[in-house]
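Shared between the two complexes below is chain A, which has chain B as its partner in the first and chain C in the second.
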Partner chain A sequence: MDVKISTTDKIVTIAVEGSIDSNTAGDLQSKIMDKVAESQNVLLDFSKVDFVSSAGLRVLLMIYRQIKSKNGKVVLVGVSEEIYDVMSMTGFVNFFEITDTIENALKTL
Partner chain B sequence: MADFDTRIDYYPTHELNGIKYRRGHVLPFGATIVPNGVNFSIYSSAATSCTLVLFKKNAPQPFIEIPFPNEFIIGNVYAMIVFDLDLENLEYGYRMDGPYEPEKGHRFNKEIVLSDPYAKALGGRDTWLAEPNWDRLYPFRSRLVFEDFDWEGDSPLDTPIEDLVIYEMHVRSFTIHPSSDVKYKGTFAGLKEKIPYLLDLGVNCIELMPIYEFDEYEHSKTDPNTGELLVNYWGYSTLNFFAPKSGYAATGKYGMQVDELKTLIKELHRNGIEVMLDVVFNHTAEGDHRGPTISFKGIDNKTYYMLTPEGYYYNFSGTGNTLNCNNPIVRNMVLDCLRYWAAEYHIDGFRFDLAAILGRSQDGSPLSNPPLIESLAYDPVLAKCKLIAEAWDAGGLYQVGAFPAYGRWAEWNGKYRDTIRKFLKGDVGLVGELSQRVQGSPDMYQLRGTTAGVNFITCHDGFTLYDLVSYNEKHNDANGENNCDGNNDNYSWNCGCEGETDNQDIKNLRTRQIKNALAILMVSQGVPMLLMGDEMARTQFGNNNTYCHDNELNWLNWELKNQNAEIFNFARHIIHFRKNHAALRMKDHFQNRDYKQTGFPDISFHGTQAWNADWSESSRIFAFMLDGGHAKNGTANDDTIYVAMNMYWEALPFELPKLSAGKKWYVAVNTAMQPPFDFHALNEEPMVENQNSFTLGERSVIILIGK
Partner chain C sequence: MENDTESKKFKATLDSLSSIREYVTEQASKAGIDKNRIYKLCLAVDEIATNIINYGYLRSGIKNAHVQAIITKNAKHFSVVLEDTAPPFNPFERELPNDEELNKPLEERPIGGLGIMLAKDSVDEFRYEYKNSTNRNIFRINICNEDT
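Now for the complex of A and B:
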């Protein structure tokens, strides 16, 4: 798994590549939580994510909790159909805004 | 995770091949995620030693086996915390050493890796009917689950039980048919997509046939005639009481079945629909002395099973073994299990399969004050759950009407089923009993109220409603047991021809009989239960025991909803009719008197002459009138409701009781009529032309409202 982070004044953009599972979820969490703590909104670019496990979904939920407490938003971009379906069936999808492009994501923030 | 690591004793004291561990907590039993590790705790009264066996997910061999040191044992409990495990990819089990002395009840075998009775998920049947690896060491593997689901304010609905309309269903059968039009067929997610259908139909509680993990391959065999694989389809054979069936989850292959099921329940609750589980605590999948050792048998055989003095298995369940429910250890396991499902899954109620077994002592004799049933009744966590017993077992104990209720247990009313079936087919000598059944069986539940009985005419066990009016005999050849399996006493009538027919008169009569059955069910006091698919005339082609078929004998074909739109529309109407009329949903029994000074008793009985019911031996007619001023035991107001049933083969005029001044009779239902005159929507009921008399067609039911 590879993580690229960029920040503007109100938005942190996190682009992940690879799988988010129990092997990588802890790593992702430690890399991003400081940035999330400093930010109002989070844009997660999942265009290059091929799988999110149960542990991975819980990292997403942790981001949501942090941002929600600041009345911010978490937007997901480029979520594959399979990941979307898994998130929908397991109830995680309701917590996030999901858009198809980064431009649209930025418009919602 | 350092933030959470506040206990100063969460550090390893032992190490084996790089794996660090320490003494654990004896409670709770099972595997519990703790800071930096997992606490493992398991009980055995007779083992001499125990070893924790850890696997990476799906690995053929364990990566480590850690014997419990003596200092990790307190009483008969083995407890250990192991640190730095990959929670998502861990599978664990135990080896128990001890005597192999079946005559003394011991069957220890340390060669076998045993699954944890308290495991919250079980691997091995992750996807429905996926070909298992038959050679593998440890086929059913205990796994961990995350217990941090976000319920967002949801809690069990606590709908008054008298207001429920229960829909008994099989998760896979409901949406696996190609016609179901859902994306993930045969799963919890698929069921969630069908919530709008359930709302439209009007049911407000679904009762799921077993969803605890089971092995669909158990006793599977190939039908020699068709070559088809016959499987353990219904799932009345539990591998583990805490783990949901992974093969019922579209995400089971990812190990996310827990979240998928909880998401379904949350969504059902959001739509006002309760969830009841059919739970099978009478036996397990381990069979008798010839069956496999998977868990209980190898951990503590003598504790978990009822054994004969020679060490064989009592078989009150008809399936090989009997869980030793009134052993204090097993009783606690059952209690822990139900609390877990109520608290962690927000389950609204439980229906206990062959519940009479729960009232047997450890030697099998019936107890007058069974501790398990009492414990469940008084449990604080289960205080608002519905508890419903199937009040008989396969050992001949039949307790319908006499199940120890402790003021709250309800039961499947098998006598209701039999009485209504016989009356429907035109049997005589039943009117007295029928009148009791439609009143909520006060003869059986005098002190328990109407809600002690769940009324049903059909359930998963036996004919569907369509088959009840289409077959005189069972036709179970497809089960591969020479038609010897399944009940012979079906009280069914084929209306003139066995099975499918082109005779339109017979078809019309069947449709009418189905409507008659649905109407009687929905106007009876008590808790009605409808079998999945009966609302669209689902057939099993006369098979009354389809436990082994993963095919169209069980699958709900959604095209039937259009093909049998007349029946579906009627079913939907009659369910909504019940929900619209409080007089049909009493909690306490009728008093047969006018205690609200309305001028009418709460219930009165009639025949072809008003106020003069025909109780005679040859009678096939019955009518009753509910006074709306006494609805809900006098706490609600409703219209007056008059129901008349004519199961005679000719039309008969019924004199109508006179209403109070200014009120008139209106027709809500008349099963003798073709659509659109078979029922009329709320507030669109036409007035009865002759307010003094109504001619009921042959074998038909009418429902009038007085307002």
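Now for the complex of A and C:
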């Protein structure tokens, strides 16, 4: 799993590549949570994410809680149909904005 | 019914998770199962394999352990059995989140049990048995032949 982070004034963009499972979720968390703590909004680019397990959902939950406490927004981009299903089965889908392109994501922030 | 079976042994470490998923994907693709159902099967297997590795072996202090994935195919079903020799661990004895908890705002939600819930909801049948000092987690998906 690879992570690319870029920051602007109020948005941190986190592009993840690969699988977010119990083996990689801890690594993802340690790479991003400092940046999330410093930012008002988070744009998560999942267009190169091929698998998310409950360990990945736990990272999403941590991001959500951090950003929600600042009244910010978490927007997801490029979520595959399968990952969307997992988020739907667990009720996560209701708490995140999900868009198909980064341009559209930026418009909501 | 004729059964076609094969198996592969994996080290019981978290970095085996991706190899286990790859193995299941490869076998399920050969059986003609569609992408979405393969993903869900991998999810179920991944969640339970994680529990076996983390709770079954690691917490019990068992080292150099393995998880065996056994694939069985026939005309009606595609099954994956995960076998491990950790102390008995029945995933169905874990408390799962109920509907009320799943509808709570994310900031108030407990996160435990989500993996097992996903495992149960992602396959047509998920069973557990303990036989010959072995935990057996059995995942089955029905093969739908849309032409018939």
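Simple rule for what comes next: the second predicted complex is superposed on the first by the 109 of 109 C-alpha atoms of A that agree within 3 Å, B and C clash if a C-alpha of one lies under 4 Å from a C-alpha of the other, contacts with A are read in each partner's own complex, and residues count from 1 in each chain.
As a convention for this text, contacts are C-beta pairs under 8 Å (C-beta built on N, C-alpha and C of every residue); 3 or more make two chains touch, one makes a residue touch a chain.
This structure is a prediction, so every number in the text was calculated from the model and none was measured.
*Asks:* Can A:D27 be said to touch chain B (first), chain C (second), both, or neither?
*Replies:* In the superposition, A:D27 touches no partner, neither chain B nor chain C.
*Asks:* Contacts for A:S54 in the overlay, against chain B (first) and chain C (second): which applies, first, second, both or neither?
*Replies:* Both partners.
*Asks:* In the superposed arrangement, which partner chain does A:E81 touch: chain B (first), chain C (second), both, or neither?
*Replies:* second
*Asks:* For chain A, which side has the bigger count of touched residues, chain B or chain C?
*Replies:* The partner with more contacted residues on chain A is C.
*Asks:* In the overlay, answer first, second, both or neither for which of chain B and chain C A:K68 touches.
*Replies:* After superposing on A, A:K68 lies in contact with chain C but is clear of chain B.
*Asks:* Touch check for A:S19: first (chain B), second (chain C), both, or neither?
*Replies:* second
*Asks:* Find the residues of chain A that appear in the contact set with chain B and again in the contact set with chain C.
*Replies:* Overlap of chain B and chain C footprints on chain A: residues 21-23, 53-55, 57-58, 61, 85-86, 89-92, 95.
*Asks:* Chain B touches which residues of chain A in the complex?
*Replies:* 21-23, 53-55, 57-58, 61, 85-86, 88-92, 95
*Asks:* Can you list the chain A residues touching chain C in their complex?
*Replies:* Of all residues in chain A, those touching chain C are 19, 21-23, 51, 53-55, 57-58, 61, 64-65, 68, 81-82, 85-86, 89-92, 95.
*Asks:* Residue numbers of chain C touching chain A in their complex, please.
*Replies:* The touching residues are 14-15, 17-18, 21, 35-36, 39-40, 42-43, 46-47, 50, 53-54, 102-103, 105-107, 109, 111, 114-115, 117-118, 121-122.
*Asks:* Spell out the part of chain B that touches chain A in their complex, as residue ranges.
*Replies:* Chain B reaches chain A through residues 86-89, 146, 148-150, 183-184, 187-189, 192, 249-251, 254-256, 259-260, 262-263, 266.
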